[in-house]
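Take a look at the structures below.
Next come two complexes built around subunit A: one with subunit B, the other with subunit C.
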Partner chain A sequence: MLFDDTSTSAMSAQGSYYTPGYNVAGPPTDARGGVNNLFSDPMANAAVMYGSSLANQGKDMVNKEISRFMSVNKLKYFFAVDTRYVLKKLMILMFPYTHQDWEVRYHRDTPLTPRQDVNAPDLYIPTMAFITYILLAGTALGIQKRFSPEVLGLCASTALAWVLIEVLVMLLTLYLLTVHSDLSAFDLVAYSGYKYVGMIFSVLCGLLFGSDGYFAALAWSSCALMFFIVRSLKMKILTSLASDSISTGSGARPQVRMYITVAAAIFQPLIIYWLTSHLVR
Partner chain B sequence: MSGFDNFNTEFYQSSYSVDDQNQAGYGYSNENQYNNQYGQYDYSQQMGYPSPGMMPHQQPYTGQIFQPTQTYTPSSSQSMYGSSFDDEPPLLEELGINFDHIWQKTLTVLHPLKVADGSIMNETDLAGPMVFCLAFGATLLLAGKIQFGYVYGISAIGCLGMYCLLNLMSMTGVSFGCVASVLGYCLLPMIVLSSFGVLFSLQGLMGIILTAAIIGWCSLSASKIFISALAMDGQQLLVAYPCALLYGVFALISVF
Partner chain C sequence: MAFTLYSLIQTAILCTNAIAVLHEERFLSKIGSGVDQGVTGFGDDPGIKSQVLNLIRSVRTIMRVPLIIVNSVSIVLLLLFG
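Here is the complex of A and B:
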């Protein structure tokens, strides 16, 4: 009977010794345990468990390495967004002139999440804008018949490199000039990533309306972005004024802080033009 | 490996009964006893074949095991086959493929405006997504585009990106299998698009409108399932946007 089974599937008898045992050896021994009964053959069972333990080891190692560089919880703060916040923030980025209150609200020393405070920086918009920018660059190059995966990769890595350079320069400047602010690296990445929204707007207008549309959109989004950066960073960099005056005044003078803020703002349109002009010829 | 231990104890228990009994008579009178020994033989046969070194006790039994082929009697074989057939669990249940759930998930995808049930995503089912990916590649093949590699590459990168994003955005985390399963199921409307692309060219105005509608359909379904499975509120459009980007890339492959 055992051999009856194998002979009925005689074609596979050589290869699959598992089929008869698979059908019969299961029930008498243990209850239907679901996936655990999938392989009644302990060899396959051992292989599955070894494989899954290997995968778990890999995952644990990746998690450990990542948590050495950044804490995932802090990163989660920047992604706690909802649709209302994103829409309002995009409105502010494109038209910041009517927004009144730029203060980031706190709740017992911890900043409020972006869901509750529209002035809080977030990382969802910069990330999505970056990916949209890469795809849009690919489409623009495809329309002009200049597309190839290498050019796309070049575009993506150039943009990423410029973001990193800007963040590092800002961090270095704030550190060297002893400006005490609570701007963390992620905050700077967020503020630096907001320019991608302006870039996407400019490229879209350039594709739809030609060169004139591109320059008009570039001018508009540059002004809006400069205003936005100045107002937001002013709150964060210049409000540590009070604590510094209490100390020996070794902190940077307010003019230096203003210079930093304005320099960061001037940098934005330059980099927008640099990264998008070759897409709209 | 509790199953292993079970087999181990059974093995040691019934080894003596095998020795005692005649080859022809396996004690079929008692079905339970038959099952034990039957299972025993199966186990030892399987274990003996792949790794003889693992169970050194196998060696004396293999000779006994292979002997009964000569004493095989057709009459009893039928009764044996009959009882074993009744005892086996359904094959699909053992394989973990639940057709009812697959059908439910497909219906959820096909009705993007109907509210989804969050519990259907509890088991990770990659059989359906695999079928849909292959069907997508097949319809592309019909249109003359041999791009299986691109489909797999983009789906892998897209799944990884969605996995990171959803883990950061939701309170509870997700597993990679769940993300891959949902994104694979929601690829179904894209198959409709690429089969249209076989018959008509998609590069006119009608094609663009159809493409936009299908991308919207796919991303709405995917975001609806994610929202209900992960209990995220007020974030459906935020989840739909990266899904739309991913399916937009698939649509680019179908159209161009």
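Here is the complex of A and C:
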């Protein structure tokens, strides 16, 4: 059908199309006919359709390969946020002392998306906070005239490496001490990325108010973040998933789990100080 | 502490090599793993030592072939580019 209509006009246009188009009188009429030719020339049409089918095949193959390594649905769960959730979560991160209910609500065995439950971890805030932190680090170094483009890359990879180390250490600890929790790797990345909000706050106060402002903001955000981490992880680690275990308890004793939670909380202000102190002199 | 990508890759390769090099007979039996006494507790609390030994054994099994490839590639690259 696509080829039938245009055969006659394609024949007539092809005549002028294949003449050597070096003469000056030729091109204007060629151009007007050429634009129509792109969709009426059967060879170009076939090429376009072949290319688009090839692109579709490539896209399917890439999707299949990626979904073998990490499930895209699980990742989509973490990015299903809306504005109200982000605002409430940021407020909780900075001032968690008035938040009452820390339980992650479930809906028939699947956790609710962040849109419906303010306690659910998400990956949107950590990602945005990470990028903002890198930009802010560049700004801070530029104000002190210590900026060069390599510093940005170095800062980004250092921060990413620390996140990776922390997530790996947490996973290793949870595995070795047989703590059966439903914390997946993405959950740990999310909880580990919440410290970037505190880092941004500290660096901003350090830039605006000098060294005193930096230490005051560091103290405030450290306490808030420690409280947040302890309350959030307590729900996930300390409640044992005792659906099929016998009375001898599943896995580690509660003291060990408390140690893990507190150690994770103590680690946060240390790493905040380590990653931001060189930005604020 | 500045982490470049190369130093991260180097750290990962060295750590995995270190775990894969632990020899079963000469070393791990002395510590008390052994191939025959690995599965003692079927209960729900395996204990940290058997978890560590499990981890070592599984790392050795999975990463043997990729480690050969990665080590050869890094040796060639280091010889070529210093």
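Going forward, the second predicted complex is superposed on the first by the 209 of 281 C-alpha atoms of A that agree within 3 Å, B and C clash if a C-alpha of one lies under 4 Å from a C-alpha of the other, contacts with A are read in each partner's own complex, and residues count from 1 in each chain.
By definition in this document, a residue touches a chain if its C-beta (ideal position, glycine included) is under 8 Å from a C-beta of that chain, and two chains touch if they have at least 3 such contacts.
Model, not experiment: these values are computed from the prediction.
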More subunit A residues touched by subunit B or by subunit C? B
I'd like to know which partner A:Y175 touches here: subunit B for first, subunit C for second, both or neither. second
Have a look at where A:A161 lands relative to subunit B and subunit C in the superposition and call it first, second, both or neither. second
Between subunit B (first) and subunit C (second), which does A:T276 come into contact with in this model arrangement: first, second, both, or neither? neither
Would you sort A:K76 into first (subunit B), second (subunit C), both or neither based on which partner it touches? first
Go through the superposed model and pick first if A:S232 touches only subunit B, second if only subunit C, both, or neither. neither
Which subunit A residues qualify as touching subunit B in the complex? 1-5, 17-18, 20-30, 32, 34-38, 40-43, 45-46, 49, 72, 75-76, 79-84, 86, 124, 127-128, 131-132, 135, 139, 142
Give the list of subunit B residues in touch with subunit A in this complex. 1-4, 6-7, 10, 32, 35-36, 38-39, 41-43, 45-47, 49-51, 68-69, 72, 76-77, 80-81, 84-85, 87-89, 93-96, 161, 165, 168-169, 233-238, 241-242, 245, 248-249, 252, 256
In their shared complex, at which residues does subunit A touch subunit C? 154, 157-158, 161-162, 175-178, 245-246, 248-251, 274
Mind listing the subunit C positions that touch subunit A in their complex? 1-5, 8, 43-46, 48, 51-52, 55
